[in-house]
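Have a look at these structures, which come just after this line.
Here come two complexes built around chain A, the first alongside chain B, the second alongside chain C.
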Partner chain A sequence: MVMEIQFHNVTADYKTGPLKKTRALNDVTLSIPSGDMIAIVGQTGAGKSSLLKTMNGLLLPAEGFVAIGGMKIHHQTDKLTLKRVRKKVGMVLQFPESQLFAENVEKDICFGPLNYGVPLAEARKLARKTLQLVGLSADILSKSPFSLSGGEKRRVAIAGILALEPEILVLDEPGVGLDPEGKEEIFQLLTKLNREKGMTILFVTHDMNEVARYAENVIVMQNGRVIFYGKKHDLFLNQELIQMMHLDLPDALRFQRLFEKKIGKPLPKICLTEEELADVLIEAGYA
Partner chain B sequence: MNYLLLGRYIPVTSILHKLDPRTKLISAVLFIILIVNVNNGAAFLALWGIAFLVMYISRIPPRVYFRGIKPILWFIILTAILQMLFTTGTKTFFQWRMITISDYGIERGLFIFFRFTLITLLSIAVTLTTKPIDLTDGLSFLLKPFQYLKVPVNELSITLAIAFRFIPNLLDETQKVMDAQRIRGNEFGVGSPLQQMKALVPVFLPIFASTLQRSEELANVMDVRGFRADQKRSSFRQLQWKKMDTLSLCIVIVFIIWIRWLNIHFN
Partner chain C sequence: MGDAVIEVKDLSFRYNKSEEKAVLSSLSFTVNKGEWIAIVGPNGSGKSTLANLLCGLLKPDQGTIYIKGKPLNDETIWEIREKMGVIFQNPDHQFIGTTVQDDVAFSLENMNLPYEEMQRRVDRALRQVGMAEYREKDPSYLSGGQKRRVSIAGILAMEPEIIIFDEAFTMLDPKSRRELFSLLKEMQASGQLTMVSITHDMEEAALADRIIVLNKGKISRIGTPGEVFPETTELLAPFSERLRRLLIQKGRRLPDKYMTETELIEWLWKYNFTT
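Now for the complex of A and B:
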């Protein structure tokens, strides 16, 4: 099923106090095709989280609208439509483990599907299936979510969202606060969901290595506006933009630039990951 | 969540913001004692005048104050209605078994309503214009005499300071967890009261868990840094009593005497 996400001149305000409002999104027009894997980058307060929240209806546009698979989110969308949108667009907030509450993992994962009227037996099946999908064994189903390790908790929380069987998954810094191994596992999972199930995935990150390694396209945001939306290669080759947005280069590309300066000539190919760089270096006879 | 005003400070510049927290606390307590004892229309009218005056000089729009009353409005109305229904008076308009509506009952009900709203408005005025940290400093200063009665004032004030400090965090966190559960199809404020209460379980449990964890961490950090609440300590922030404070307190006392007079005179 085609689930294109379209932003039409979306403006959104965020309440920062009883009196103050901050403009979180400023006239965003964007069209995200189905099945894409997109990283959203930008400095703190650029509107990355707000962009995700408008897709899920947690933050309603003040002006403009978001269209997702025939449904429209605007400033007075009714609760029923929002609930339907939330079923289609699964959202994983920052530190999603803070949503765990039930006495055991199974009940926690079942919570979402049950809210959407899935029968209990089927919800249980879903819990097993998604737990397996996120790479955890079925014996933790009866454990308390509070007794798990940090990485396990996060994966259970993500399983809780996947159990809704969304077609689009948006994640706010899914890797933050995990050890490198845990991060790797989370992103492996996202890649798998994207490739095998054709799920559209958008994730916010600050780590350019994650962008280089896992994303296909990148959205760069600043002051609530989308500054760049395109292929990750085009972003990293645009030095002016990288500098203007205070973005880092991925480690591999930074190494390549330094290396090229030393040998005085460019390598045959732009490398974004360590593996690519190693191959190119071997091919060119430097290693 | 943004409707909860208790313990929230709005930073604007006004005379009320500049006053010493002790002045505001003493005035608020005096006014509250007065409000509880007032029982005629003229005095209440004057008190409403003073309430609006306070709102005006605080330079915070009245709608913020009234939003603060909202959460307890039904409680106040219920109390007032009960008072109205069960008080007998000289003129009875309606009677059915225990229930009577009389002139005196209506008056009592209205007064109760005024009392609650006025007290809430004034307390909100104090918290809106005083930084929580100044508020606790002021409170612990005013509580000092109770030390001689073996009340652990220092411990109490540090507890209070910590409690105030974490209100915004708790609100933020509540908002976050509510969002997280909303994503999973949990709906708030929908259905029967029982369903509405049930919908809050997935919010309160994670918050209890994280609050307990956080307090444990905080206690450890304080221990590691050698914090002892029972020791005598100097303070980085000094409360300064200015001429303006003496003057304000005098004005407050004049107002209070005036209202007492109205109260007795018009009875």
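Now for the complex of A and C:
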């Protein structure tokens, strides 16, 4: 099923006091096609997490609406619709492993499907299936989630979301706090979900290396607005925008820019990964 | 030299005392005054356990930690904690004040400082971390990165001799992270502050004077970044090291040693003249 996500002039805010409101999203209009793999970047407080939350109905628009596969999220959306939205749009919060609670992995993963009325036997099947999907073996089903490593815990938490069989997955800094191996595992999983299942994936990150390696497209946010939505190479080519947004460069490009300064001329093309950079350096005769 | 601020001797720890497998086994190392040490290693290597032991939140099964020559135990812990600040992974767990400045001041309230002194320290700490304009805000409504800065300000205001960072910078955007690194470098330059970073970030580790690599609860390597990086796995190596290895893999002749980014750029630039 095609699950386009459309933001129509969405404004959203958090009530931070009896009168005071903090504007989180400011007139966002955006159309995200099905099957995209998008990194959302921007400085702290730019509205990245809020953008994810409105897709899942955790934060309702004050004005405008979000349309996802025939469902509409606006300030008066009823609970039943929100429940349907949340099944289609799986949301993985920051440090999702902190929400693991059940005595064993199986019960933890089954919790979501059971809440949506899936019969126990079927929920258990789903648990097995999703556990395999996230690359963990079925023999941890009976283990306490708290006995697992950080990377494993996070994958179990993601399995709990995947068990709802969402078509869109939104994640708030999925790699943060994991060691490089754990991070790599999470992103390989996301890449697989995107390529093999055609799942639309949006992830928030501060790490431009994650953007360079794993995203297709990038959304750049500032002060609750979407400033850029397009191909990652186009973003990193746009030096003015990068500077204005105080965005970092991926390691390879940062190194490339320092090198170009040293040699006083640009290399033939921009490199986002060390693989690309090594090849360009060799071609251009610098190594 | 040899002015040890932290001395860890034969340290072992298990969470489950009935299990054989130790989380940390027989660790020994020394951190000198003014030194910046980075402790790296995969998840589950015992890094955070070590941080908790260093600040006295856990008690060792075996071995002793000496802070400025004093063994860390129930009698000395309060005195030692005045000298030592710790910043943990998740800043939310450490917020108490209803405004940013109250939260930073909270850490000082136990120190019996005069009001003016408190104000001076809070001001300075908030300016150092770039959060002065948020002083009246409620910390619980700040973004993840802003919260982290406030928690760092709380520690800086205490003017500690030792700061332990337990994955403290992971949540920050790269620009603020680099700003904080240079702030730490500046603070370290006084020679008074001893720092221990527990981190996955190899760019952070590259700034340290020495790196300790933990693996399965044991020290697998201690040394300067130059000594440690050439021996680490692909995923743990900083960018310049990965690029150097990749170029060698592609049949190029590069020096057989770790090079910082500046050194590698210099080398590539010169290579161009020799061909």
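Simple rule for what comes next: the second predicted complex is superposed on the first by the 284 of 287 C-alpha atoms of A that agree within 3 Å, B and C clash if a C-alpha of one lies under 4 Å from a C-alpha of the other, contacts with A are read in each partner's own complex, and residues count from 1 in each chain.
Rule of thumb we're sticking to: a contact is a pair of C-beta atoms (placed from the backbone, for glycine too) under 8 Å apart; a residue touches a chain by one contact, two chains touch by 3 or more.
Remember, predicted model here, so these are calculated numbers, not experimental data.
> Give one of first, second, both or neither to describe whether A:91 is in contact with chain B, with chain C, with both, or with none.
After superposition on chain A, A:91 lies in contact with chain B alone.
> Please name the chain, chain B or chain C, that touches the greater number of residues in chain A.
C
> Of the two partner chains, chain B (first) and chain C (second), which one does A:99 touch, if any: first, second, both, or neither?
So A:99 only meets chain B here.
> After superposition on the shared chain, which partner residues are touched by A:146: those of chain B (first), chain C (second), both, or neither?
Only chain B is touched by A:146; chain C is not.
> Going by the contact rule set out at the top, does A:119 touch chain B (first), chain C (second), both, or neither?
In the superposition, A:119 touches no partner, neither chain B nor chain C.
> Intersection of chain A residues contacting chain B with those contacting chain C?
Correct list for chain A: none, the interfaces share no residue.
> Over in the complex, which chain A residues touch chain C? Could you list them?
Residue positions touching the partner: 14, 16, 22, 43-45, 49, 94-95, 149-151, 173, 176-182, 184, 206-208, 246, 248, 251-252, 255, 258-259, 262-263, 274-275, 277-279, 281-282, 285-287.
> Chain B touches which residues of chain A in the complex?
On the chain A side, the touching residues are 15, 17-19, 53, 56, 58, 79, 83, 86-87, 90-91, 93, 96, 98-102, 111-112, 115-116, 146, 160-161, 164.
> Using the touch definition up top, name the residues of chain B that touch chain A in the complex.
2, 5, 8, 10, 60-61, 64, 67, 173, 176-177, 179-187, 190, 201-203, 205-206, 209-210
> Can you list the chain C residues touching chain A in their complex?
Contacts found on chain C: 41-44, 89-90, 138, 141-146, 167, 170-176, 200, 235-236, 239-240, 242-243, 246-247, 250, 252, 254, 261, 264-266, 268-269, 271-272, 275.
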